[in-house]
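Chain naming follows the written order as A, B, C, D and E, and within any one chain the residues start at number 1.
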Amino acid sequence: MIIGKVTGSIVSTRKQDNLIGNKFMVIEPLQAESKKPKQLVAIDNIGAGIGEYVLVAQGSAARIGCNMPDAPIDAAIVGIIDDIGKLEQ
Amino acid sequence: MIIGKVTGSIVSTRKQDNLIGNKFMVIEPLQAESKKPKQLVAIDNIGAGIGEYVLVAQGSAARIGCNMPDAPIDAAIVGIIDDIGKLEQ
Amino acid sequence: MIIGKVTGSIVSTRKQDNLIGNKFMVIEPLQAESKKPKQLVAIDNIGAGIGEYVLVAQGSAARIGCNMPDAPIDAAIVGIIDDIGKLEQ
Amino acid sequence: MIIGKVTGSIVSTRKQDNLIGNKFMVIEPLQAESKKPKQLVAIDNIGAGIGEYVLVAQGSAARIGCNMPDAPIDAAIVGIIDDIGKLEQ
Amino acid sequence: MIIGKVTGSIVSTRKQDNLIGNKFMVIEPLQAESKKPKQLVAIDNIGAGIGEYVLVAQGSAARIGCNMPDAPIDAAIVGIIDDIGKLEQ
């Protein structure tokens, strides 16, 4: 899993039917190496808010582990980190 | 998922039989880190047009989530983003 | 697999139900290329301690190989390296 | 999928039994970011020639989509691109 | 698949039970981009020796293609390259 910060959300009206009902959150990985912030989009079943630090699972773990094995999902917020203090730089 | 911009399409006459009927769109990820634009090719079942910003699912999510579990597809456009304004740099 | 050093752990109270009971360790890959240390989070079934060097499996190998096929896990500590001496730089 | 140029082939006499009969082509991705050309090796069922531009599927899509679900294959040439003109830099 | 050079091996006494009996070889990819050599660890069923150039399969191809579908393995040596001459830089 990677650690990321929720920085926003995305709205997609025209999308695959099996994505309907999901929230798409924009995640900035904690260790972005470039100057430009690198972003990914993850679904959120946990209820993470903007500004929170989260654990993001990627790959088949995202759809299978979140009980959506047939959905085109490759990233999911799977936990909210209690205290990011020691990890932030 | 990643956010990308549709920049073109690819024609492949000689291809695997289980790819016939798919559109191959060229996608430029929103946060390309290098000076040269980095590109990937994704199938499109949504009807995205050139210039539109899209959500792209990668890995097994692309073929399984798009109901083509037996096709050699590792990237698919799964949604069109309504408003990219706040994310663009 | 990659070689990494266990540098800490993460607590996540609000998380997916199928993650309950797992320890989340912060891993710094041995060959971090950037100046900022790059980190990932892996579950630990082996009992690795902070400062130990470990083998980390990623992708579907992490959840299937660790007997949690339905959990949203994409990285797992699968071995503790006896002697890292020759590999460290 | 990524776009790559076929630059050569690899011979491997000692290999896993379930790889016997496959051609191993060396592929240089179109958008190699580094000065050193970056290479990957993909099997070829299409009959791509050296110098041709191809679509390469990676991950589980390569083995499952090419009807070799039990072979240790993580990249396959799945199409030959008709005209690379507009994409080349 | 990627091309790599076998540079050593790793011993892990405390490891997951379903890894027992495997050899863990340290692989340096042929096109390491950074000054520090980048390394990964792959299991070896072929009998590759230190200094040999090998084909390494990654992801689910490693465990499924090497007949260890339930082991936490994400990289495997699947072939030894006969002649690396033309590829080396």
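Assume a contact is a pair of C-beta atoms (placed from the backbone, for glycine too) under 8 Å apart; a residue touches a chain by one contact, two chains touch by 3 or more.
Being a predicted model, the structure only gives us computed values, none of them experimental.
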| item | value |
| --- | --- |
| Both-way neighbours, i.e. chains that touch subunit D and touch subunit B | none |
| Magnitude of the superposing rotation for subunit B and subunit C (Cα, nearest 5°) | 145 |
| Mean-CA-position distance for subunit C and subunit A (Å) | 19 |
| Centroid distance [mean C-alpha coordinates] between subunit D and subunit A, Å | 31 |
| Junction residues of subunit A - those touching two or more other chains | 59-60, 62 |
| Contact graph of the chains (line, ring, star, complete, other) | ring |
| Order of the ring members, counted from subunit B so that subunit D is second | B, D, E, C, A |
| For the subunit E and subunit D complex, residues of the former touching the latter | 1-3, 30-31, 33, 45-47, 55, 57-62, 64-67, 76, 78-83, 86-87, 89 |
| Residues of subunit D touching subunit E in the complex | 8, 10-16, 18-19, 24, 26, 34, 36-42, 59-60, 62-63, 69-75 |
